[in-house]
Structures are given as C-alpha cells and as structure tokens.
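Below, chain A partners chain B and then partners chain C, in two separate complexes.
Here is the complex of A and B:
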C-alpha cells in the first residue's frame, strides 16, 4: 500500500511536469548549447595537441565522456534543494509531518519522477542530437555496458543523498540557496562532470577518486569507456555502495534531528 | 520634472531593498561566499584543463582568467539590475501584481529594477575584481589612458547587454504570461560566452554576435584588448563592443514598450 502511494508521487511529479511544455523545449535547447560548449573545449584542446591521445583517451572518447558525465548523469538537483528550502521557509514542511509518509522517501519518489521526465524529454533528445553531430563511442564491452547501468543507478542515489543532506541542513540555516551553491561548487570540481579525474594532478585525483562525489559522474562514465577493468569496476562499485550506505544513514539521522528542530514562523 | 522626481526616488527604492536584505546578514554573507566559491570551483576546473593542454583556443591561462573575470563582472553588474527582478515577471503577471505596479506614479521598469537592486552579486563582483586584478598583471597589454577608458566602456556596454536581454525576456511575460523558461536558453549562451569565441563552430559564433549577443560581454572585448582577431567583425570589433550595449538597450526599450502596450493581464 505504502509502496503504491510512493509510486503515485513519482507518477504525479512526472505528470505535473507535462503541464509546462514550453519549459521542456527551452531546457533541452539550453542543455544542448551547454553540452556544445563542453564538447567545443575538448575539440579545441585536442585539435591543438601534438598527439591524438591524451592520458590514453582519444577525442571521440573525451566527447562521449562529456555527454555522459554531463547531461546524462548530472541531473538537476537544484529542484530538490529548492523544494526543501521552500517547504521550510513557507512552513509547508509541517504538513508533510502530519501525513503518514517519510519526507525523505517522498522526496526520493517525487524526484525519480522529475528525473524520468527530464531523461525522456530533455536528456535523450540532447544526447541524440549531440551524438549525431559529434559522434559517440559505444561502451567498451557488454560487461562495461551492464556495469554502467548499475553505476548509473548508484550515481542517481548518490546525488539524491548528497542533495537531500544539503537540503536538510536548511532546517538549521533557514536557507537552501547558499547550500545549493556550495554543493554545486563541490560537484563542479570533484564529481568529474566537467574535468575527468585523469586530468587532475595525481594527489588531487587520489583524494577526489575516493570521495563520494566521484561516483556521480566520473566512475560511471569511466566504466562506460572501459577505463576500469573488471575487478576495478566491481571493487569501486562496492566502495560506492558503502559510501551510499553511509550517506543514507546520515540522511536518516539528520532527518530525525531536523524533525525535532523544526520551527514554523508565526505558528 | 518627471525625470527629476524619478531620479530622486531611485536612491530611496534601492535603500529600502538593501535594508530588507541586511535584516538577514548571515544569509546574505553565506550567499556571497557560496556563490564566489562556486564560480571559483568552475574556474579551477577550467584552469586544470588549460594546465594540462597548455592553452585553450590559443589563449593562455592568464588570458583566460581575464576573460572569465570580465565575463563575471559584466554579467553580475548587468544582472544586479535585472535578473531577479525580471525572473519574477511571470508571477507578477499571473497573480495580477503587475496591475498595481502599472498605476504607480513612476516608470514600471525603473520601479522594478531599482526596488529589487540585487546586492547578492557582491560575491561575484569581489571574485571578478580579484581575478581581474591578477590577470591584468600577467597579460601583455600596453596600457594607456584611452585604452583604460575603452576597457571600462566595454564593461559597461557588456553589463547593458545583459540587462537588456534580461529585460526583454521578462517583458515577454506581459504578452505570453510565461517567460521564465527562456532564461534556460540565456544561460546556455551565457556559458558559451565565458570561452574564446574561436573554439566554437561558425553557427554558434554567429549567434553569439547577433541573436544572443553575449559575445559582447566577454570574449569580443577581451579579444580586442589582447589584440586577438575576432571572427567576422575584424577591425569593427572594437567599436562594436562599445555600441552593443546602447544598441541592445534601445532594442529592449522598444520591446518593453510593445509588451506594455499589448499587456492584458493573465486573465484576458
């Protein structure tokens, strides 16, 4: 019964986005321009380089990495933070406490709906157009293709957990906007969404490669390209699961603290 | 007389809004710091690419740093007069609040812009000035008084381009009710404008110099100052940078007036 209710939140979020059709084409166009900028960087630097390969990666692989690590894996977590921030500032979060639901689980269910909506109507068209324009390399092997799907699910959950943790911190700070900017700054540098970790200095790559942010963009895209062999793919997936368990545990703990911390102004 | 009255009201409008923001000093400072850190991260990522490959489109890191800082300073200056103000235009139209603004004894545009003058961009400005200060000591430019004046004029012109585009997007809500989604397109091109224009395919270069002229907030003026060639514009690039702002402001004024004439409210 409860699972069906949460599934309804997913469907509801998906359907609510259908009402804003003009936002779909403009978001797709904006994302397309955005990914073209990223690809243009790689075309430019590879074009000027003396070798066709940098750190064992060719230009088509770099372009594929940009497409996967960018629009495919890096979903719009700002919406989640905005939802939580608005609920706290308006006091609407109190309404969720009255309902027989778990607020973080509700957030997960509804943002799966948003994710699926954007995947189907924004991301896929962008990937098809960018892929047809610049070309994309296929997964390194069938194993890497299947492993990528597992890493993709892990990436979604990891970013959800990170964004939710930042969102719940708004119970104390009363603003989600600054938290969104902070999370964005960390993700920009450490997720590998813009710059793959193999281009980092060794010491920075070693640190970033063991922080949970790298499982959002870097590892899934690197697995797709076959940068990790079979044993490394499995090992890093296991490490990612441990990180996810830690983050979800922290999220559950923070939610119990936040519920008791809640102050609705004027009530 | 109306102009004098408007000019007298503007400082009061700004002061009122700034006071409301200063009521929450912790949130304001946190917002400044978080935004500056976010841009710093993005610039570090770009620096990592340039460090690995040597140049980006033939631009060294110090030249790229000047480009990024110019882009950020022109954007934040223009956006402080426009972005948050015009982002809510569709809400004003839909909720009917716009009707109340139209009957105020002051220009609606002036009221909107100055009653929401956004000091939240201070973090952007601080980072941009700091990075620009460093970059200017690193790049090879022979400074003179006219060049310094030109540099400032292009910055102002770039800020005007940003403000004009934001105004035009916001004004569109008066006719079509919805316009916020158009900012996604704006920010797509805004992202392009922080890189040297020469790294993009020709169609994107054309768009950045014509339909969405955000090339004039960064890459074109900085190319002119550094003596780098500007595609399509050639020797006209220098003058075009100064003219872009006023030209876009004129266009935005015409668009604003057309939208205002055709405004019917959200209910028809």
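Here is the complex of A and C:
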C-alpha cells in the first residue's frame, strides 16, 4: 500500500482544519461548558450519595472519569458521518473510485488527521483547564497507564469503524443524518461516556459491557482508574480486538457491497 | 496501431425505483418494489487509437457521462464488452485508475481547503509519481496553463476558470495515457474556454495523450477533436470526421453572386439557383467537388460580376439539421 499517500492525507486533513481557526475556539468553549456541566452533576450527586451508591468510586475519580470518557475518548465522529454521507449523496464518492486508492483507508487516514488536530488544539487545553480547576487523579499504576494508551487506540478505531459503518448505510438510505441520531443516542447510553457502566443496573451493565460501544469510552477510562485488574485488563482488551475485527470485517464487506451498487446502479 | 479503447455493443440500463406522486405516493414508494428501466446507453460500438482526440457529442441526457463512467471503470456495462488499455476497466480499477486521467467539469477533484500546490502534492503521493518527473510536469503545466500566480491560493478562492485549469493540470501530473474530460468547458467564459481548448489540443499533439471529451459545445470539437462521435437517446448516431459529417448530411455550400446590374435569369448546371434578387443571386452547390472556378467557367465572362462569396455551412447548423432529421438521417450517415 502507498503508506506515503495515506500519511499525506493525515497531514492534509490536519492542515485543512487550520483554515478554520475560529472553529477551534468555539469547539474548545463548547467542550469546556459541557465538561463543567457534567462535573457539576457529579459534585451534586456525591453531595447526596452514600459510598454503596457510588460503587466505591471517589469524587476525584468520578471527575477524572468524566474528563477522560468525555472529551478525550469521545471524538467528534459526526464529521466522519457527514463526510461519507455527503460524498454519497452528491456522488463525489465516484471521484475516490477514480483514483488508485482505497476509500475506507483514505477515510481512516484523514480522520486520524482530524483527531490529532482536535486532540492538540481542543481536547488537551480543555483537559488542562478542567484538570487544574477540579483536579484529576493519575493513572492507577504504570501498567494501567500503558494499558490505557492501548485502549485509547482501540477506542479510536472502534468509533471509526462504527461511524464509518453508519456512514456507508447512506448508500441505501440516501442520507446519513437519520443514522447520526441513532448512533449518537446509542453511543450516549451504551458507551458509558455519560454514565459509567458501574452505575447501570446489573443486567444492563452486563449487556452494555459486552457490546462494542463500551470500548469507546467505558473500558479505557475504567482501565485508567484501575477498575480492572491486570488479567481483566488483558482479557477485555482481547475481547475488544475481536469486536474491532468483526466491525472492520463488516466495514470491508459493506464497502464492497456499496461499491458494487455504485458501479452497477450509478449511486 | 491497435486500439487503446474498444467498445463493442455496450449498453447500460439503470433501474430506478418508481416514485408515485404526493405524500401518500412517497410513503407507498417506501414499500413498493416497482422499477422503471432507464436505458442510458444502447448498443454503442467504437474503437479509439492511441493519440486520437475524440469528441463525444450529444444533448443533455444522451448518455455521454454514463459512457465516460464506464470507460473509467466506475460503472459496469449491462451488456457488451469494453476494454481500455487492454483491460476491463471496472475489474482492474486500481491499475486502470493509475494510467488514466479524468476531469469532471461539474465535480472538483481538488482539495477545497488546501492550496492548489498541496492538492498536486497529494496527487503525487497517490499516483506515486517520481519526484523529478513530478517537478518537470508541474513546471510545464504551470507555464502552459498560466497557474503561477494562484498555485499557493486555496482552491475555494479560485475562479471557475482557474479551478478548471488546475483540475486539468492535476489529471495530467501522472502522465496518463488517456485523458477523459466530462464537459470540461462548462460554465467557463470565452477566454477561459479558449485557453482550455488550446491547451488540450497542444497536449494531444505534442505529448500524444489520447483525449476523449464529452461536450455539447461544438467549438470544443472543432478546435480539439478531429474525430466526432455523436450520440442521442443513448444510441450512436455518427462516428467519423467532421467533414465527413458534412458530406454525409449533404450539407451544401451556398454561393452568392453579385452583379453590377440585373443580368436577368441565369441557369447553371453546376449550381442551383435558390433566391434571385435581381442583382444578387444565391446558388447552392449540390456536389461536394464543385469549385467556384467550375461555376465561374460555366457562367462565362459576359456578365458584370462584382463580387463572389462562398459560405461553408456552420457546424452548428449541420448538427442541428442532423438531430432534427435524426431517424432517417442516422441510417444514411452510418
């Protein structure tokens, strides 16, 4: 494969975002308001809660969870959905077929660029401000810190695969916005980004804990806090990899179908 | 030389879900499985040799873009066979894509937010163009297309004419053997159209790049393409050179003779009188090989002849008559 070409897509996506500098400020401000609102909820919950209700999680840990599971892990996948959706709706996706490149790989490369841009210019400043204001606990151990990095990469790939799958569905639905809402609400509930799974009722936590969404927010943040021991951390990482393989397989299959439809039906 | 593109008996039929009118119809069509068949291309055959420049002409909806999409490998024909550079384009999408260049007049391939130069650089990586070759091509194309002053501007700030020149340049950066252009001059002003036409003609002549362009602007064809393929309703109407089209249509030249004084009625065997305004008479030359000299010789020197003008039929007119008399003419021309 042309690694250089795909690396160039990453760099270009990053650079193209620099053209809209004012968007950085509004995104950072929005994230900041959102994270402060969520932290305020935890502060008031902890004011009234007993330790059994919080499952042994301290307030600083809950705040740390909110910061990590929120802005850090939950990147703006709507952009990816929009990219795919409009490319399909306008027929621009044909332009990608005209070039000697693989469209899903192109999407991945350019969204890594968007992700890095947001990480450096939006997420890190927000995390620093929120962390300095409310305090963040460090990773539970060196093992958990390293494991978190692995889980983070897995989280990115998982959300990429989920959003791309939803985006490609636009080939049949002719719009990506219906799926955007669907995915957004599913993610809000099942990823654990808003409410950690340990606060879910047991049966729901059991289900959510085995669906791929949980690897986007819940597991990485839980590993950071040391909620999973060494063997659990490794086990769930392996399960996450299996899920990722399944989703990427589905993505490749759906793309083949979509391409077939495109070249037979003309989009 | 053997053909670089071979199209034989190609047809493309689209199935479109039937839309029923009104809100109730819209809801019903969510569940209905009714399709209308749209035949975009029907039984089209032609072959193109390396280095040719071919104009693919037809009115809107004639199936021009569909044909281009099939040749570039992003649509599969419903019937017939199609080979580009010895390959079936859609089955070898990647290899095919690397050896052709494609420009869509109505669809940009440049990166909107990036300077033109960055789009070109990206293109270099995608097509793995060697550094030196790329630098040469870029320098050549920049001079030829006069892009030097906007190479560093983001694409979104360019005028349509500038953008189209950049699109064409990008499609040529990897030295494609064939350049496909789908309505490359659409929406351009006279100056930009002229620049694009001159450049394409030159690329075809000097670099030997095979050019296939669709258009409904006849001047594109006159200036770039010696050969013309004409389609309508998905069917091939004419394939050949422009003079041959004129001949096939029997398009007649018009001769105007102006006299100092009314010479009275004149009858000639070489030319047919159509209008007689006394001192000015219009004749039609029915035979293709009749020259003015023949007419003047027959006329003799006994007249007070002041002026002679011979008008070639305008290509616009030729084509208009062609389309208007389609069913009968098409059969004769082919």
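By our rule, the second predicted complex is superposed on the first by the 257 of 267 C-alpha atoms of A that agree within 3 Å, B and C clash if a C-alpha of one lies under 4 Å from a C-alpha of the other, contacts with A are read in each partner's own complex, and residues count from 1 in each chain.
One rule holds for everything that comes next: contacts are C-beta pairs under 8 Å (C-beta built on N, C-alpha and C of every residue); 3 or more make two chains touch, one makes a residue touch a chain.
Predicted model only: the values in this text are computed from it and were never measured.
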* Touching A:97 in the superposition: chain B (first), chain C (second), both, neither? -> second
* To do: Please indicate which partner A:200 is in contact with in the superposed arrangement: first for chain B, second for chain C, both, or neither.
  => first
* To do: Pick one for A:5: touches chain B only (first), chain C only (second), both, or neither.
  => second
* Mind working out whether A:15 is in touch with chain B, chain C, both or neither, as first, second, both or neither? => second
* **First (chain B), second (chain C), both or neither touched by A:181** => first
* To do: Name the contact category of A:262: first (chain B only), second (chain C only), both, or neither.
  => second
* Of chain B and chain C, which one touches more of chain A's residues? -> B
* Asked: In the superposed arrangement, what residues of chain A touch both chain B and chain C?
  -> 20
* Structure fact -> chain A contacts chain C in the complex at 2, 4-5, 7-9, 12, 15-16, 19-20, 91-92, 94-95, 97-101, 262-266
* Asked: Can you list the chain B residues touching chain A in their complex?
  -> 27, 30-31, 33-35, 37-42, 44-45, 48-49, 52-58, 178, 180-182, 184-189, 191-192, 195, 199-201, 204
* Complex interface listing, chain C residues touching chain A -> 14-15, 66, 69, 72-76, 90, 93-95, 97-98, 102, 104, 107, 109, 111-114, 118, 121-122, 125-128, 154
* **Complex interface listing, chain A residues touching chain B** => 20, 22-23, 26-27, 29-34, 36-37, 40-41, 43-45, 48-49, 54, 173-175, 177-182, 184-186, 188-189, 194-195, 199-200
